[in-house]
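Note that chain A is present in both complexes that follow, paired respectively with chain B and with chain C.
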Partner chain A sequence: MTIATLSRRTLLQAGGALLASTALPTATLAQAGSRLIVAADSEPKNLNPAIVASNGVFFIASKVVEPLAEASFDGKDGLAPRLATSWEGSADGKSVTFKLREGVKWHDGKPFTSADVAYSALSIWKPLQNLGRLVFANLEAVETPDATTAVFKFSKPTPLQLIRNALPVVSSVVPKHLYEGTDIATNPANVKLVGTGPFKLTEYKPGEYYRLTKNADYWGKGEPKLDEIIFRVLPDRAGAGAALEAEEIQLAAFSAVPLTDLARISKVPGLKVISKGYEALTYQLVVEINHRRKELADLKVRQAIAHAIDKNFVVDTIFLGYAAASTGPVPKNAPEFYDASVPTYAFDTAKANALLDEAGYKKGANGTRFSLKLRPAPYFNETKQFGDYLRQALAAVGIDAQLINADSAAHQKAVYTDHDFDLAIGPPVFRGDPAISTTILVRSGIPAGVPFSNQGGYENKELDGIIAKAAETVDTATRTELYKQFQKIVATDLPLINVAEWGFITVARDTVQNVSNNPRWAVSNWSDTALKS
Partner chain B sequence: MLLIVVVLTFLLLESASGDAVDAYLLSIGGGDATVAQSLRQAYGLDQSMLARLWLYFSSLASFDLGWSVAFGRPVLDLILERLPNTLLLMGSATALSFGLGSALGIVAGAKPESIRDRVLSTASLILYAIPSFWLGLVLSIVFAVQLRLLPTSGIETIASGKAGFARALDIAKHLVLPVGALALIYMALFLRVMRSGMAEAWTLDFVLFARSKGLSRSRIVLRHVARNALLPLVTMLGLQSAAMLGGSVVIESIFAIPGFGRLAQEAVSGRDAPLLMGIIVVSAVLVICVNLIIDIVYAALDPRVGASEPNT
Partner chain C sequence: MRLLRDLVRTPEGAIGLGILTALVLVALFAPVLSAGDPLRIAGRALLPPFTDPAFPLGTDRLGRDVLAGILHGTRTSLSVGLAAALAAIAIGLCVGLTAGFAGGLVDEGLMRVVDAFQIVPSFLLALAFVSVIGASVPVVVLAIALGAWADPARLTRAQVLSIRERDYVASARVIGMHPAEIAFREILPNALPPVLALSAIIVAAAILTEAALSFLGLGDPNVVTWGSMIAEGRNILRSSPSLSIFPGIALVVTVVGVYLFSEGLTKALGGRRLEP
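The block that comes next holds the complex of A and B.
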């Protein structure tokens, strides 16, 4: 009895001592400043999100330069206000009025006003930005009746729904006083960013890290919660996982830790695997089809290919379950537009074979019907692996697909400029509204050389008509209905085949708080992200 | 010599499909045809191949390495920024592999065909057969992730504010694994060359003479056998310095060291001709310099080399 109590007491004491000894250093660390270290895999040449609206740029720049509004899980219109506090469209769709936040200051101390918004919109978003060129194509003028009001005037009706959905991506505001009268493309502020965001970009060591420090004058009360964010450049895919395990970094977003490592990493104490927070940046696994090829111009052949693909196998084996099977060109993550009632193509080899027979492409003596050139995009492991899978799936229905693997630049030229492909595998992104980067995948009349666009020579007047109509339909319900028709036509006529859709994975230490709390979390401003000490 | 290197690099990159604009548009997730065209104009990619090659040569003649299109910065700046890291990595790895390789080579070659020799030769061969990326990853998992003795990657602790000796120590700590990985692999070459040189020397007359003179064994091994076997090793050192530049590409990526090899890799994937040619030119100059130094060392080691010259 005494022995038992004694040992229990000693145990407790020992435990207490242990706790105290471990608690001490962490407490002192927290006082020294909370620094979040994050893995980064690329160093964009131009870091200005107003010019380059891409995830690689946003990942770092979104903490420094803010948009008018950010995506939100529960906000009105799926948005949370940032530099704009409200937005309202006119009935004719020719103007949108933004009320801007008061008392916001640029990192260099100058006040943020409607003039900055007007300048960014007219001089950068519309003429220079990769996505803004499209969204703001008909923007004519921005009126600034006072310092906190900006009225966007369009020459043609422009749907507020589109503007709203595009805001998080296209509306990064940069300071007019640093850009006006300079060559915007080579302005030093494109690298040494100056914004209104919760963090200032204070140091960049090429090949090593970006250092972001707290903006003490940030407009958000009590924000940011971190003192520093370091984006550490880790180009090797195994590097991020190792650095997380060794506690050298605390967070890796955008699937920097490969899917195949997740099962192991999720068992490491103190690390959590999070698949939330990428809902508004859904990537789609798509088979692009060159309709110039006689066989592929035949709908029956395209249907046969769709039936030959086992989408569930792709999701389970290639994406290890971190994806969903697609039904059409709009992902399930976009409930505003998604329509499930479209023709689907169940995995059915017998049906695929029958369709190919019907189309008149009988199996030859060697069991093949015809040969195809298949080019998987090299940007993701998963696109390459799907290339290997598709080759086998097509072989099962008598189509001999010859894989051509190339690096990014070569792939881009071969598919989107030279049209030297029969089938290609691409990962286009759904950016919140079909008009931003989805309709371009099937619309006709796009010149050669435009990446992630319809370069397969597909032309469907009815589909083009719907796309054009939706582009100027102001009424939200009518416009949404048009996109439901759009999905039906694409799923019926198969200008391309949507196979799967996926978001990325974040791996973080469990001390990092408020991770993945909005649908674009990795590319949002992280003002409420904190480190528990 | 340099001229040929530059032209070949240019042609090689030219023959790869896709250009800098393709690579850039991909990295930003798309763009329209007018953007592509204006970028091509800005980069001078709309001009003919010969015109661009001529332009490059004329600026190279005035020691201007040009402007990197993928990074948007002068090539010289980029190279100067990365060169010290690579020189440090390569220099330490070469020194270590040469030192360790020749020392173990002496141990092995002191008694050819002995058990000691067999073990060392086999072990070195196994190391040589290991791919460098694998060795790098394994070292990193064992020493950095599991034992937590050393950092997983990088050249120094980021934004640590360390200076002077503390910083040097920090960099040294970061270099242990990458240098180890590189050196272990190249060590095998030195070891085997040393060993076979010594095995051969044992059969020569002057060794027989030394033994008959009754010299101690250790004196024979070091003064007579090893010294003669060292000569081909020095030649190897010159050749290996070039190979090491290539091998560091993989190691630099794995250990996230901002060096030359990684820069070259980024230049190729970004189709950045000026940068890649700049890297090749500087590397070629580097290798030429190393070999020049080796030749001088060679003359010092082997009196026959320098002495024979006045007579010819």
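The block that comes next holds the complex of A and C.
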């Protein structure tokens, strides 16, 4: 077609055809039987949850590869059985016996046995997995007396409580017959997952989507209820809300819809905003403190900073109410450990000013006492906004905080390797047990370069002692009591300041059923998720 | 003065000059028009514009005054734009003059460096520079200048190449003037006008680059800039579009003002360029 013959009519026709061609696939996607279309915002390079125990991987892989047990709102010990049906620890804390489910098959048809569990534990969880390294540090052997029993043997007492709390995250089982004798890190099964879960990973188009289809041989009776799950890659966060409204997707988890859009989205008919289902994935908003700085080494200054922060403002204005004010290093979502009877720091500018005066840092002629470098972590909008807020809150008590923004890599290097910060704002995750999460932020003796750990030079022998003792205390009650002491000391001595804790938000069409019915729902297997037609 | 008269005679020049004068006044008197730190949390969050006389343009996500942000943002935008353009033109003039006047190997060498800088997209260069060194106003200025000096360098060199063959340059050489003196007193003043016309465009581009850097979170977080205001407003574009629209309008007005000024300047200089 030459330009000369390009009339308005042909242009309109061509335009119409173009529109139709883009509209067609989405229309067919939305109509198909029980196919759930979900927004995905990242495409992990390695999809193997046994190696990379992170939420980005679990979001997709947890439907394919299952753990021994999943978190549960009402199950015993807060767990629901998956590949294991029961677990029992010995009195000396040196062995744990798992009874495994019978009649489970891998997606390639081979039977699932205790040998797979033993192989995953010894060859992958313990040596390769980010969290498994900590939990299974003292794992010596896994005995398999029969095909449905696995006995974990530890060289040192390892608390069953810790293992239980960590099970949903660290215990993804992968097939021994595909991994044995190969280079695990480069095994093709890390991308083309083979598991026992309710869905099989059938197709992955980089930059477009992951397609998961029903596993007809799944061990759960009548499950899965969906025929297909499509994870559509939508890297632009602003796009998820629009895609939900246009019914291109039916579910967006992990706060893919920004908090500020929720008030509007919740009024759209047919969409619901759900803040449940992330209880085991609580993020904590923390002010990390560099104790090498002389002013910040003074407890009074740290108390003053704690008093200068209006936690209600943070919760209501920055998180728009989708968060809770923190009291200490353990979030309220961990009721097993949470202790409310710790010292708290009410918002009180006058008291903060008085404390700073007492500490000997009087206001200078220009109204400031001293200057600090403040580095907010760039991962969330909310951490950056809290940075802006904290600068103003500190200005109100005469501390001049200079913000330094950096990308993730530069931020991590500056804070956790180079210690080039005075205050930093971090969003650490509480992983169900203090031993594998919040204690690392205050324990001393961690080498420089370990991300999301205590790099502020804080050292408290008493606290270190409690943490070390709790790590090998087998008795659950004693261990819990130790962590209550831990919370008291942290809240009193303020090695860091816990400001708020928050989970994510799911937005779903109301046709999607059984959403958020466990504390790790977004990263659980979705075997009972269904679509109402 | 004659240049100013010529400038005001063109309609573009008059409007552009008007806008720029207004902006410069706003920038100079921002601390008087709105006292205190424009980033301080002044009121209730997300007040809509034109509802509260204390906050004529409303407040943002954290309750910061939008009007204060825009007034103080004028300072940042103009100062970064002007400083970056000045730096770019200073570097460009020196390099162009040296290359054109010295000729030979020096010329070849310098021009290949210019080529190298022209090949790299200037925004990417600024982005890389700021993310490596860290965001602060001087670094942003340098980053923008780094991507903008190549054009004035080429232009200056071309001018110098033609001017250095003129009779008055030859006579200056004959009477034994020092080459540096010839370069700076005889050639530079005559090579300057087209470069000055280009400078306004560089200022406009620098303002936009600064806004884009801030939009991407690579501006100085301790000063308020229009780019960062737009970026913060973007997240709530659907519910409070005014947060992005007002700084956007400010940006458009400024850039249009600078462009019109540069058009007028080019026209006003047009008649004078060939005069010795």
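One rule holds in what follows: the second predicted complex is superposed on the first by the 501 of 533 C-alpha atoms of A that agree within 3 Å, B and C clash if a C-alpha of one lies under 4 Å from a C-alpha of the other, contacts with A are read in each partner's own complex, and residues count from 1 in each chain.
By our rule, a residue touches a chain if its C-beta (ideal position, glycine included) is under 8 Å from a C-beta of that chain, and two chains touch if they have at least 3 such contacts.
Note that the structure is a prediction, hence the values are computed from the model and not measured.
Once the two complexes are overlaid on the shared chain, A:Lys176 sits clear of chain B and of chain C alike. Touching more residues of chain A than its counterpart among chain B and chain C is B.
Touch criterion not met for A:His291: it reaches neither chain B nor chain C. With both structures placed on the common chain, the touch criterion links A:Ala238 to chain B and to chain C. In the superposed pair of complexes, A:Gln402 makes contact with chain C only, with no contact to chain B. With both structures placed on the common chain, the touch criterion links A:Thr317 to chain C but leaves chain B unconnected. Applying the stated contact rule after C-alpha superposition, one finds that A:Ala410 touches each of chain B and chain C. Residues 238, 406-407, 410 of chain A contact both chain B in one complex and chain C in the other.
On the chain B side of its complex with chain A, the touching residues are 16-20, 22-33, 35-36, 70-72, 78, 81-82, 137, 140-141, 144-145, 148, 151-155, 158-159, 253-259, 262-263, 269-271. Across the complex, chain A meets chain B through its residues 37, 42, 44-46, 52-57, 130-131, 133, 186, 203, 205-209, 211, 228, 230, 232-236, 238-239, 242-243, 245-246, 248, 379, 406-414, 417, 429, 437, 447-453. On the chain A side of its complex with chain C, the touching residues are 238, 241, 258, 260-261, 263-264, 317-318, 378, 381, 384-385, 387-389, 391-392, 395, 402-407, 410. Those residues of chain C lying in contact with chain A across their complex are 37, 39-41, 45, 61-63, 131, 134-135, 217-218, 221-222, 234-239.
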